[in-house]
Amino acid sequence: MIRVEDLRVTFQLPRRTVDAVRGVSFEIEPGECVAIVGESGSGKSVTARSLVGLAGPGARVDAVRLEVDGQDARRFAPRDWRRLRGGFAGLVLQDALVSLDPLRTVGAEISEVLRVHGERSRSARTRQAHRLLEEVHVPEPQRRAGQYPHQLSGGLRQRALIASALAAAPKLLIADEPTTALDATVQAQILRLLAERRAAGQTLLLISHDLAVVAQLADRVLVMKDGRIVESAPTKALLTGAVHTYTRTLVEAAAGRRRATGPAPGPVVVEATALRKVYGDRAVVRDVDVTVRRGEIVGLVGESGSGKTTVAQLLFGLAEPTSGQVRFEGQRFSGVPERARRPLRRRLQFIAQDPLSAFDPRWTVRRIVAEALPRGASPAPFLERVGLGEDVLDRYPRQLSGGQRQRVAIARAIAPRPSLIICDEPVSALDVSVQAQVLDLLAEIREQDGTALLFISHDLGVVRDLADRVLVMHDGRVVEQGPASAVFDRPAHEYTRELLAAVPTLEVPA
Amino acid sequence: MITAILRRAGAGLLVLWAAATAAYLALLAAPGDTVDAIVGDGADTPGIRAQIIQEWHLDRSAVVQYLDFLLRAAHGDLGRSYLLQRPVSAVIGSQLAPTLKLAVAAAVFGVVLALLFAVTARRLTSTAGLILVSTPPFLIGIILLSIFSFRLGWFPVSGDRGFAALVLPAITLGLPIAGTLAQVLRDGLDRALDEPFAVTARARGLRESGVLIRHALKHALLPAVTMLGWSFGVLIGGTVIVEQVFGRPGLGQVTVQAVNSSDLPVVLAVVILAAAVFVVINTVTDLAYLLIDPRLRRS
Amino acid sequence: MRRFRATLASLFVTTTLVVAGCSSGSPGGNAAQAGEPVSGGSLTWAVETEPITFNPHQYAQAKTRLLVWNTFEALLTHDDKGGYLPWLATGYEVSPDGRAYTFKLRTDVTFSDGTRFDAAAVKANVDQLLAPNYAPAVAAVQLKNLDKVEVRDAATVVFRLRKPDVLILDFLSSPQGAQISPKSLQEAENLKAGGPQLAGTGPFVLDRYTPGQEVHFTRNPAYNWAPPNAGHSGPAYLDEITYRFLKESSVRVGALTSGQVQLIEGVPATDESLISATPGLSLQRGLNSGSTYSYYFNTAHAPFDDVLVRQAFREALDVPAVLAGVYRKTATRAWSVIGPTSPFYDKSLENTYGANAQKANQLLDQAGWTARDAEGFRTRDGKRLTVRLVQSAPFVRDRRDVLAQAVQAAVKQSAGIDLQVQLVDQGTATKALADGAYELFDNSRADTDAGAALNLMLYSTGSINRTGFKNPQLDKLLDDAVATTDQAGRTELYRKVQQLVITDQALVLPLYAPQDQIAASRSVGGVGFEPTAGVPGSAYRLWLGK
Amino acid sequence: MTIALDRPGAARARSLRAPRPGLAAAAVFLVLALLAALWPALFAGDPLAADPLHVLEAPSGQHWFGTDQLGRDVFARVVHGARHSLSIGVAATLIAVGAGILLGLLAGLSHKIADEALSRSFDALSAFPLVLLALLFIAIAGTGTTSLIVAIGMALVPHFARVVRAQTFVVRRAAYVTHAVAFGAARSRLVVRHVLPNVLGPVPVLAVLGLGEAILLAAGLSFLGMGPQPPSPEWGAMISEGRGYLHVAWWASVLPGAVVTATIVALTVAGRFYQRRFEGRELA
């Protein structure tokens, strides 16, 4: 169905050329489910999009062979590509909120595909759109078709996007990170849907950074790194006997690795009782109690909208609780003026998901870290601790990679020797291999400094790997809490069970 | 819903009051008093001055005059023009239609041209638009006038008689708008075409023109709508100059004359009118947003 | 004085007015092309200035005079020799003491609203003019000596004055003295603004006014009382005429050359060659009455408190050269404060001063302005010889701002005088004048009787006396001239005034005689200027040939 | 073998590269304009030397831009006018930027209600016709160069204030500012160390773009007769004075107009280049 030989894609940017794909060869047979796995910048998306002539702005695509649906795509005129798109291959992108036109109704988006591919009758298009929505299990398809993407939940949106990609009955469905932006439970639903299509005989090309996600679906996995395929094997073979070291790293990272639990917890560092936060008429946090002791890593998990970030802000003193109280190191930390908090401030640090926005863009790394230090102290030792050389000192945050930035953020956080660091999704924006390194670093810091960590994440995997104790939040409440092992192995609350079930896990066959 | 409308109306009134008061205070600070303005360069004796003071009630304190002005304005009475000896509402009223006609024609021309440019000739847009925006509008007017009216005789030189007389002024006024709008649209289109949904649309087999018109254009309209308020500012400001160049009747002429001769009631009325237009345009802009972007609508 | 005295009748200085065969102003130079006068047709005339009012009583803009006489008429009109011709009045008599003017009125005149024109109407008009808050300037200036108006009978009206004032005749032939239907005076909604609601007796009726754009007149078919110098009698030739307001001179010229209008007034000198070069167009110029466009020296403070500096400034300037630069060869150089077309003009002043840089420098040296600063300007006691001319932007016309720049360059070059030209808004200008923050004041007045202008400009208490010059002898001369009814006497008095002001005191630097230009299609006949006033005439005489 | 060159992307890639020749031209022009403003004598002679014998002469080798109604050399006036027009523009922009920064910071940093009131009025005022605003100020202050500068400056204030307020609003809530709380920084310290520098960063770019606006507005007001006093060779006044001679001497108004256009185009090109660079759109 697809035959690619020595595919090369280069991007001509104003001042330089970027080789995104450097000689990739693969084939896809009908009925197969092939996955391309790689980290950001590996060229996986560009490869997939090249198959429908959408490599991207300024892209130059060369290949020894590029056979799509039995035709030589190298000689395609724009018309030929258009016929192919939608008809032969449907494309599903990451987040339906931006991948579906936000200004048009879901129904219009689906019926557009039908119109482009020859369905003249408007009423027929509407009927088909409803049928398609039904096929991807969207309840009340009539009503949903008339709604806009933002009015649908993440899961429904993504289903609608898939429905639109399937509308013209394409032989091949290309799904580029189809679940990445979704909560775990929703992700599980979408994966089930894709599995269902595959079972129905749909050929699938799956692109993902998450080996765990594709492992459930794919027959064959292509691992890409730096524009090349480093390994290509049937899924099972890849998981058990990866040849390439990079693949092994990926497999290990995806499988997760439990970090050692810390020493016995010390005195209470922060204690929040009956926290409640109401915005307008919506209670975002309801009656939450959190206690973190010295040397302890407490995981706070929940899906988007569960209120976990608000809890972080309340603990950190960026927002005042509507009711309830926060005490830090035994002193009142909520309901007091900032002036009263200031002496305690350095003992409490924060690491955000997106370190770039947490750095003053005009400052060098030196200055950023020095801000956290007494005047005149050198930032170099702290950078060394987080594994960064002195060469980064005079660079600006935007010149660093994501992993390096998060290390700088950690360096800055540990510099004042805090008793507690609140980490809000600190590794969510990072590639899996880098994630593992950062988690190691955090575990090490706890180990060496005895610093307590409140680790907030939607990703149960990382929490399980790191936390001693876990709190599960849902709808502003803590629904379950306990030692990590207990919560993960014997979840008591139904929601926790659901959440755990949804997490794609890489079950490496023994 | 009702509270929203009430709030809107309240805010509108507040803007009107603020504009009127600010202008009133500003003019109070102007050199030369009202009597000077009424006397102009004509004969000037104490007797004449006394009569003027009596006729226009200028002997009252500034506060009383201001309150009186507000009270009357609230009843729709904007006073009488010192210079033209007619009710201000009549002066403004008679000039409103030609200016509105010009502004609307220019806006339509500008928007159509901008759309044409942005959609069909995107590459040309930035250069052409930049030059148009950077040229003093009166120069454009003068050049258009001398070519198309004096030399070629295609359009009447001036006045407000029929469509033909509207063409050149509307073009003059519309070109800078088209220039800016085309650039904003072009930027918006470029941005929208880089969005994931544009990739999705292309992946459906949609032509580039289809992606442009069915998807990207609506997105590009959002920033363009923001420009709407600005455009009307430019239009109204532009009429001041364009009407002068083309000898068209209209508020622009009235404004310049009123400013020149310190015709306080007329200046105040123009300010209030401009503020009212602002309120209306603002409301229209908000409505347009709601129309274009469903995300802003509350269920 | 309440009643006619019987004795007066025989002693009246009777001015019998010639009814026919009067001079008819300047003849239409394009009569040949336009052919014989024909009735019918419509014309469009582009004019520079939009009237701020259509009520003749409120008239204040000489540029709009041509519109007034289409709808309104006065009791008398000017001939071109400084005398008066009958119009709505058939004749007048002046009492020997000069304090009573008796007018005989026409009896066949009706206003366009059907009201009869009679003595009561005349009185109603004057009463209105004297009404509070109506026309304070007219009441305070033109009618300052009026005691009352008496209606003798339907066709006779008497103006009684507190003291002799010959200018009352000028007033009664001026737009402010024009007759409005008494009905309109009572009923018009915006009386002071005028417009279609005001009925007059003129050959046209104003029926449509579009502010900022145009005013439209249609023929008054009943009209049959043209003044003797009107060139024809009966209704006007044209069915209708539209005046369009085009402020920009290039736009007016463009409109004419592209055939969109048939007549324009206000042709800038630089465009005259274009008009002459265009076949089918003709150009005429008429010199205005009143005072010339002049710079008045402020004698209230230094440096123009010194007559030597005033003289020096006049000598420093080569008036013909700057006029040639700014107006090409179209401007008429002025020698006196009074225009050359006025019967009171003193021709002997010509070539008595000016364009003598050497003399200017000598005079300045004498006056103590001996040193020069780095920029070449003269100084005295370390102070630069700076003089300020404040021009009010809204009232600048005829490129007087450009002329000021030319003067500025000239006096700098020839005598090291720093002339600073300030083009400011009306409020600032008024303030500058009130504060005396000026050394030069520029002005021309279009009064048909030059004496009226001089009273305002030169009289010690004149309301536009900007020279600060107060001289009992001058006041006496001006008073006498107004009280004297015979023209020769007045001419002699005004000759003395001019000698005093121009030659002895060098109070004024006359620059040019204001003029009006009319450019017209050669198919338009009867194009000409109003006698004495020298402004474009009304539409009564116009016709459209072929 | 090249298979596909994606069209919109190509256009975009080109649009990023396209201004290069334009940028160079703009830079050269601006340098020339600046030189003309600083040392006009380098380029041309006396802008005030009137020559009644050679009025309104067409452009020639001797008078590159022809002569005007007083026989003055239009090129010399344009060159010397650079000082007037640019300094009016610069002075007005400085006023606008200065006051704009103050008011914008005030609004952006002050409490909700004060901010609301201030920023609402900025919104309203910046949607208000610029010309009308400037006319109002002129009605108060009278005509003349100083009041022209003040009028233009004041008219542009709301625009700058609005931008600065928006920027302040964003920066103040930026993660790196809230984060600085973690180090016990006092509010004033936050403002000085983080907010101010980041708010002021884009201001020079805005000022360059605003300068174009100011020059254009000055030209418009000069056209309405509210500009500098004659015989200052201010560009707008030159166009205005020259327009009466359009039939016989187009150069007296069109050529100064072309210079105004070129200046503003050059300023905009330069301003946008730096703006793009600032926003990081220009890939270094």
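Here the chain labels run A, B, C and D in written order, and each chain numbers its own residues starting at 1.
Keep this in mind: a contact is a pair of C-beta atoms (placed from the backbone, for glycine too) under 8 Å apart; a residue touches a chain by one contact, two chains touch by 3 or more.
It should be emphasised that the depicted structure is a prediction, and the values quoted were computed from it without experimental measurement.
Within the contact network of the assembly, the step distance from chain A to chain D comes to 1.
The most distant chain from chain A is C, comparing centres defined as mean Cα coordinates.
One simple way to say how far apart two chains are is to compare their mean CA positions; for chain A and chain C this gives 87 Å. Here the spacing of chain B and chain D, counted between their Cα centres, is 21 Å.
For the pair chain B and chain C, the distance between C-alpha centroids works out to 39 Å. With centres defined as mean CA coordinates, chain B is found 49 Å away from chain A. Each of the following residues of chain B touches two or more other chains: 30-31, 142, 146, 150, 194, 208, 244, 259, 262. Among the residues of chain C, those in touch with two or more other chains are 248, 250, 253-254, 257, 393, 425, 427-428. For chain A, the set of residues touching two or more other chains reads 54, 57, 78.
Of all possible chain pairs, the ones that touch are A-B, A-D, B-C, B-D, C-D. Touching chain A in their complex are the following residues of chain D: 1-10, 12-13, 16-17, 174-184, 186-187, 193-194, 197-198, 201, 280, 282-284. Within the complex formed with chain D, the residues of chain C that make contact are 248-250, 253-254, 257, 268, 270-271, 273-274, 321-322, 324-326, 393, 396, 399, 401-402, 404-406, 408-410, 420-425, 427-428. Residues of chain C that touch chain B in their complex: 52-53, 55, 58, 60, 132-133, 136-137, 140-141, 190, 192-193, 210-214, 244-248, 250-251, 253-255, 257-260, 392-395, 425-431, 434, 456, 463-464.
Residues of chain B that touch chain C in their complex: 30-32, 36-37, 39-45, 47-48, 51-52, 54-55, 83-87, 90-91, 94-95, 98, 142, 145-146, 149-151, 153, 156-161, 243-250, 253-254, 257, 259-262.
Listing the residues of chain A that touch chain B in their complex gives 49, 52, 54, 57, 78, 82-87, 89-91, 93-95, 98-104, 112-113, 116-117, 148, 150-151, 161, 164-165, 167-168.
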